[in-house]
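Common to both upcoming complexes is chain A, partnered first by chain B, then by chain C.
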Partner chain A sequence: GHGSARQVALSPRSRSYGRSCVEPPSLFWQTPGRLTALGQRTPTARGAAKAYNITVRMYTVALLVQNEWKLSYVTPLYRFQYTKLKLYSRHLAAFILAEKQQGVAVEVGMEAGFRVTFSAVFGLAEKEEDAETVFIQIYSKPMFAADTPKMVWRGWLTCVNGDPEYLRSLPPDFVSLPLFCSNGSEYLTARVKSWFGRTFDCSFGSLCLSSATLNWLAALWTGCHPTCDIGYLKLYWSMPTQPTLDVEYTVNPHDAWELWNSICAQDGAEDMVSVEEVQRFMAGLETHLFRHFKIYLSAGSLVKVSTALGSAHQDGKIKIGSSDYITTLLTLLTECALLKTPV
Partner chain B sequence: MAGASNLSGLALETSGELQSPGSASSNRSLRVAENVRKKGERNPFQFALNYLSQVQEGTVVRGNDALERNLVLVETIALSQGLPPEAVSLLLDLALSLRAGSVTCSRILKFLIPASVVPQEAIVRGMSWLCVGKMPLNAQVLFLRWVLTVFDLIDCKDHLRAVYGFIFSFLTEENLCPFICHLLYLLTMREHVQPFRVRKLLEIQTRMGKQSFLMQLLALYKVFRPELVTLSVPSRLRTGFKNHNSTWKAALSAVQRKNRTQMMADHSLSLGVKGKPVSRKRKLDHLEVPPLSSSFYTNSKKTVFQLQELRSFTELLQNIHNIELPAQMGSLLGCSLALHYLDCVQDESAFLRLNFWLGYSLQEEFLLCPVDGDSDSQTEASRFLATILSSQQFLQESFLSTESFLYKFLSVWDGSLLRSQVLDLLSHVPLMPSHHIRMLLFEPLMQLYFTSSVFFKCSVLECLNSMLLKWLTWHSINALENGLDISLNSNGTVTMTLSGFMDTVIELVRFVGRLAAEGLRLENCHVLLLSHTLAFYETVCDMFVKYGLPLVIMPPADVFYPALLATDSVSVDRLGYIMYRYRKNLTLAKKQGQQREQTFHISRVTYQEFNKHLVAMVSCLWNSKSFLSGTGIEVDERQLIQSKVPDHWSSFDLVHHPAFFKYALEFHQKCWPERKRVDLASIKVGKYWNWYVEFLFSQGFDGLNDFIKVNTGQSYSSSSSSQGDSQPTGQH
Partner chain C sequence: MALLTPYSKIPELNTATILLIENEERFQTKLADAIVQQEKDVNVNVRLARKLPLPLENGDSRPRVDLVVFVVSLRSERSLQAVESSLNYLASDYYLGKVCFVVTDARCGTLAQERMLRVRRLAASHHCPVLCAEHQTEEGIAMAAMRLLTILKVSAGLSPMATTALYLSSLTRCAAAPELDDD
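On to the complex of A and B.
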């Protein structure tokens, strides 16, 4: 009513325009439950893995597969426009060159030294709120024109099944692509991050995967076995002993699936997986090892999970083995990245 | 010599403050010129100038005595007093036209010391002589160096900027290039940065290699048009231009000192690009505030102002309608001019960008990175937090990102890392619903409180007091008139009901009550802790009268009695003040409650609590009835007898109270200096009591004075003759 209109005129500008970090859509306050040290909360249930419906251009997905990717989280990009990808390519190329030859100015648009391509990968986005994935490749220009340019770096920014409430709450001039995967030299990764930071006022932080996330991955991948051979389930633990004991635990895919299936069969819901089920699955695997080797795996930390579908390491490195269940993996990683978003 | 120049420097500065430099100085220069002309009629200087202005092309110089005589005359005047503007014009024209030869040209340039200002037309004409291309190279360089030296004395630069293209064309002259770059650097405006010029500069760069003067100019071009050119300036090369003023420096400053002109040539013209002092780079520099730079989509229209171009609040006001935010909002942190602007425009995106960056930096530095005990990083971190604090104080509110950071950080904080900054930030936490505050704030804080030293406990109470004060202030400003709801933001989208707000306040006050009570017990009623506790209740007792919040919460007995029975007089006095203010608040609440229909209820329990405290205090201090039944603190009679304290009922009255014992003794000494045996009981007899109380209040116990005055009906400001045994009033 006019009461509040009057208020606008009278009162000083106030905190953050109606945003509050203790109310939705803040991810800080997303789901009830105990607050971890970083205020991170993970959902207690999620959908079971579903085979990916390939509508994406094959060659781009092929680029995502088989490479090792280093993960980072990214705060939302300000004024990123899909219509300007060409322009961004030229700018990033000029920027990298200018950084390389410190103190020598570079005209934007002059293609020398590096060629950069930005491309949108359509089809990976799942929900309406998800922004389309952006793929970046950097080629170094050969000394002699006859040689073909060599790809020296590649990376992509993505958002798959991001929290819709959070994404909707961002003003329209922001694009949230919270997950950044890079493959190439540290030097170029740092330059690309720095260029994004200057151009879209965003920040990159490294994304490590908690053992809870790795547990989820192990369970979700195992669940795929009937439709798609996962080949093996390999789990790597690091035990806090002197000297450190690394445990590599390879499980026959069928055995793993049997265990998983016996746990899921007890609960009704077909395509939902609860965190209790995941915990029971991991406990089952741990008990089995204990029976044979008398080692309590729960005392150590899960470092890496690997199947034919892909692998994920605690320090934030992943490999995508097959494009079939890529959505499941990216959904989980998007969620991890969004939870790191500071506000 | 050094002393003298210092003195004159001071004088110049002060006079500069009094007069605005622009119009005043040019008026002054006109006046100076006028004076010179008047004198000139009888003045050999004017004759000399007249002579020189008439020197024709092809004049023989060698052996020309007349020319020599006049030149010497003008030179002497120039070096001692400086030259008036039209003389500068005239001589510059004579020199650059080479009418008197190239040797004379250099000679004139060397003594061309302006007394006040340099007319820009002279420079423009000089540039045209440069274009004619007859001057020898050394004269060209000398001329450009001279222009750079007197640049700040040029009265106006618009015509000079109009010939930017001509000046630019000299860049290709390899020997002039450094000077031309510097001059262009000083003249460049956004509209001068054009693609063809960028290309030309890059071409020159390819030819000449990495040169700092080219780099400076290109860096400036990048500031104006980042979409045309990009450049990374290595930090060790961020030094700016060289000074070229050596020829004139001494003479110019001498003349200026002499003329006491308001204009001060800036001998540090070269400080165009001020690189921040480069500190040793840390391994992970999350806390580095990004430099101000234009946004990628910078508007190349002339009218747009970038925040980094603004120098003053006036400039901000004049251009507030077309200001462009920088590429990275983090660069504005701690820049008050920019915060002014942000505060004014209410741009949600801008604030979010700042918050994303700030939240990211805090999170990476304090939550995700392994702590290194490095003292360097400690100071850097504390400086960063101090910048955030000052920005928040300036905006009078907390950043969303610091708030969410603090909630996360509290659960891992050891209570000592950057304690004062963290607690200061915590005191800025905005209002939130009571169930949240318990979980996010109180629980982690309580754990830290009970496991830390008494000094930490004091800091926590201080922090919570300051938090309460901010909330109350916010309430008193933002309470909506119609309802009693308050708006948590200016567009009224987030509101909190009054009862919601009161719940949170009650929650906070109760929480502090618990902390204080337990803390006092644990720390044996530490004086400092008691003092911080009382400071908190000084805020609490006045919530209704001072901040319009209809809420009265009494301190728990565990806080009240330690203060009443404290051994230091300051605490007892503060308690007196607090009880006095409680009474004021309750009285007002009762009066309003009777007057208005829609009244709020202060619960009966609150009145009862107040009365109980009041009775206890009055009977203890005034009526000498401590520990007796019906006085609030009751102690079993048998135990009192067992304790064998004589007259125990009076051991906490104003005479025997350990806090005032010293004063009683002093008073006794003054009244009965001859007495050998001290008998404090005699103070309580008749007029001595009144005198004693008056003496006590004259020692500065104002709180107690107010308390006694209002609760016993006694006035001690003027000597009154009322009974010492008056009954306490003020029972509600």
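On to the complex of A and C.
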């Protein structure tokens, strides 16, 4: 573990000019402005994408794949117990029904009630400190017994490769599942969030993916190409012109991989990918487009990245295309969620 | 190399010149208008440029520049890259209190913190202040203009309190916290 105390030693940056009472600006009169749990630390290197050994039931994995998920970050849950999942299911179903009957509902539906299932998905958590993923499904019970229940909403809370120092620093009653993914109507998502907030004293916030995160995804997914055909690498850019110019840049996967390989080969470290390599990769793609179309992509912003392994949109929407490299994607997203979670 | 030097020309009486450098040329003009409108006592010349080095043609007729302001938009990578390359064309004398960074869109939620950190590190290594400006509202532009005018008057030697640009810069320069570098 981390034994050494970090010393905030300030070496005087410049000798004072003329007066000895003028000191270099110190931290003591400045707030460091740390708004998030992990401060300003962003990783400069991360492990290369690893294939995922499927130890999870195929049915559950199939539920994660092929849906579009809307992302949020969650603060740690207080007294969330994996032994009480059935109880939580009943409570949530009753809560949604009660809210609906109170007239809070905007939706017009013919449901007689809701059936909720909470289940723990084992196998996604990588480290010891990670909590197990929780999967929630909401089925609507139809008015007539003859109809089959329809799944109207699904969501999951997960923590994959979370920062171990932070997870260990949490008080014992708290469970941290910082990434929340939801698929379904906004109304039900709001109800679920409200129930979680009341029961576990947590709060949710929307998670947007920055261009840095999307760059990482593009590079990591391209790196997977030799073992798993990514099909294509599509980058969607939005240029700040009047009217806005949208650029859809499709790269042949083999060409993308050759570019990526030529960048990685220079440095040699097999397993770790550094942020400079990612930047060089993106710069290479941008220069190529500039050579042909004279458009500076760096003047705009990267909005979406998509391969056969999945797609990620700046607004915080993702799609998981295949279960192969799912842990890489989830590690990145967990990290984004932890970085955005307020202290 | 065509370096811009601060002391190679003779200053004019009661005059201050500010050079606004912005790659996108969006905020420059509004800021320039606001600066000129706000200042009544001193003659303020506002010069606009996209990048350094400045073209050689009009070099002789340009006045002495008292404050160089780099405007960085955090929305685009290119903005920061253009500023980084422009920094090479300023004489080192400028960095003793005559350079300032203005950053727009710092509050945009979808942006990574990394670009802001890079600007702060850049400013800290050059001993310059960083101002965050709101470029979409009238009040924001007026506020940015007012802050720049305050710094400009000191850099031009027009401050009534006999403050030098170097002294002011030692108080206002951006201090990148050590923990930003450690991790």
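In this text, the second predicted complex is superposed on the first by the 292 of 343 C-alpha atoms of A that agree within 3 Å, B and C clash if a C-alpha of one lies under 4 Å from a C-alpha of the other, contacts with A are read in each partner's own complex, and residues count from 1 in each chain.
Definition applied: contacts are C-beta pairs under 8 Å (C-beta built on N, C-alpha and C of every residue); 3 or more make two chains touch, one makes a residue touch a chain.
Quick caveat, the model's predicted, so the values are computed rather than measured.
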> Touching A:300, do we find chain B (first), chain C (second), both, or neither?
Replying inline: second
>> Quick check on the superposed pair: does A:258 touch chain B, chain C, both, or neither? Answer first, second, both or neither.
In response: neither
>> Contact-wise, after the overlay, does A:68 reach chain B, chain C, both or neither (first, second, both, neither)?
In response: neither
> Once the shared chain is lined up, is A:276 touching chain B (first), chain C (second), both, or neither of them?
Replying inline: neither
> Of chain B and chain C, which one touches more residues of chain A?
Replying inline: B
> In the superposed arrangement, which partner chain does A:201 touch: chain B (first), chain C (second), both, or neither?
Replying inline: first
> Which holds for A:211: it touches chain B only (first), chain C only (second), both, or neither?
Replying inline: second
>> In the overlaid three-chain picture, which partner chain does A:248 touch, first (chain B) or second (chain C), both, or neither?
In response: neither
>> Under the stated touch criterion, which partner chain does A:314 make contact with: chain B (first), chain C (second), both, or neither?
In response: second
>> Just to be sure I read the superposition right, which of the two partners does A:240 touch: chain B = first, chain C = second, or both, or neither?
In response: second
> Following superposition on chain A, which residues of chain A contact chain B and also contact chain C?
Replying inline: 8, 13-14, 16-17, 22, 26, 39
> Once bound in the complex, which stretches of chain A touch chain B?
Replying inline: 3-4, 7-8, 11-23, 26, 28, 35, 37-39, 75-76, 78-79, 91, 94-95, 98-99, 102-108, 170-171, 173-174, 197-199, 201-203, 205-206, 340-343
> Residues of chain B touching chain A in their complex?
Replying inline: 198-199, 201-202, 205, 210, 214-215, 218-219, 221-222, 227-234, 237, 290, 293, 296-297, 327-330, 343-344, 346, 348-349, 351-353, 355-364, 367-368, 396-401, 403-405, 407-408, 411-412, 430, 432-433, 436, 439-440, 477-478, 480-483, 487-494
> Once bound in the complex, which stretches of chain A touch chain C?
Replying inline: 6, 8-10, 13-14, 16-17, 22, 24-27, 30, 32, 39-42, 208-213, 240, 296, 298-301, 314-315
> In their shared complex, at which residues does chain C touch chain A?
Replying inline: 24, 75-79, 81, 109-114, 117, 127, 166-167, 170-171, 173, 175, 177-180, 182-183
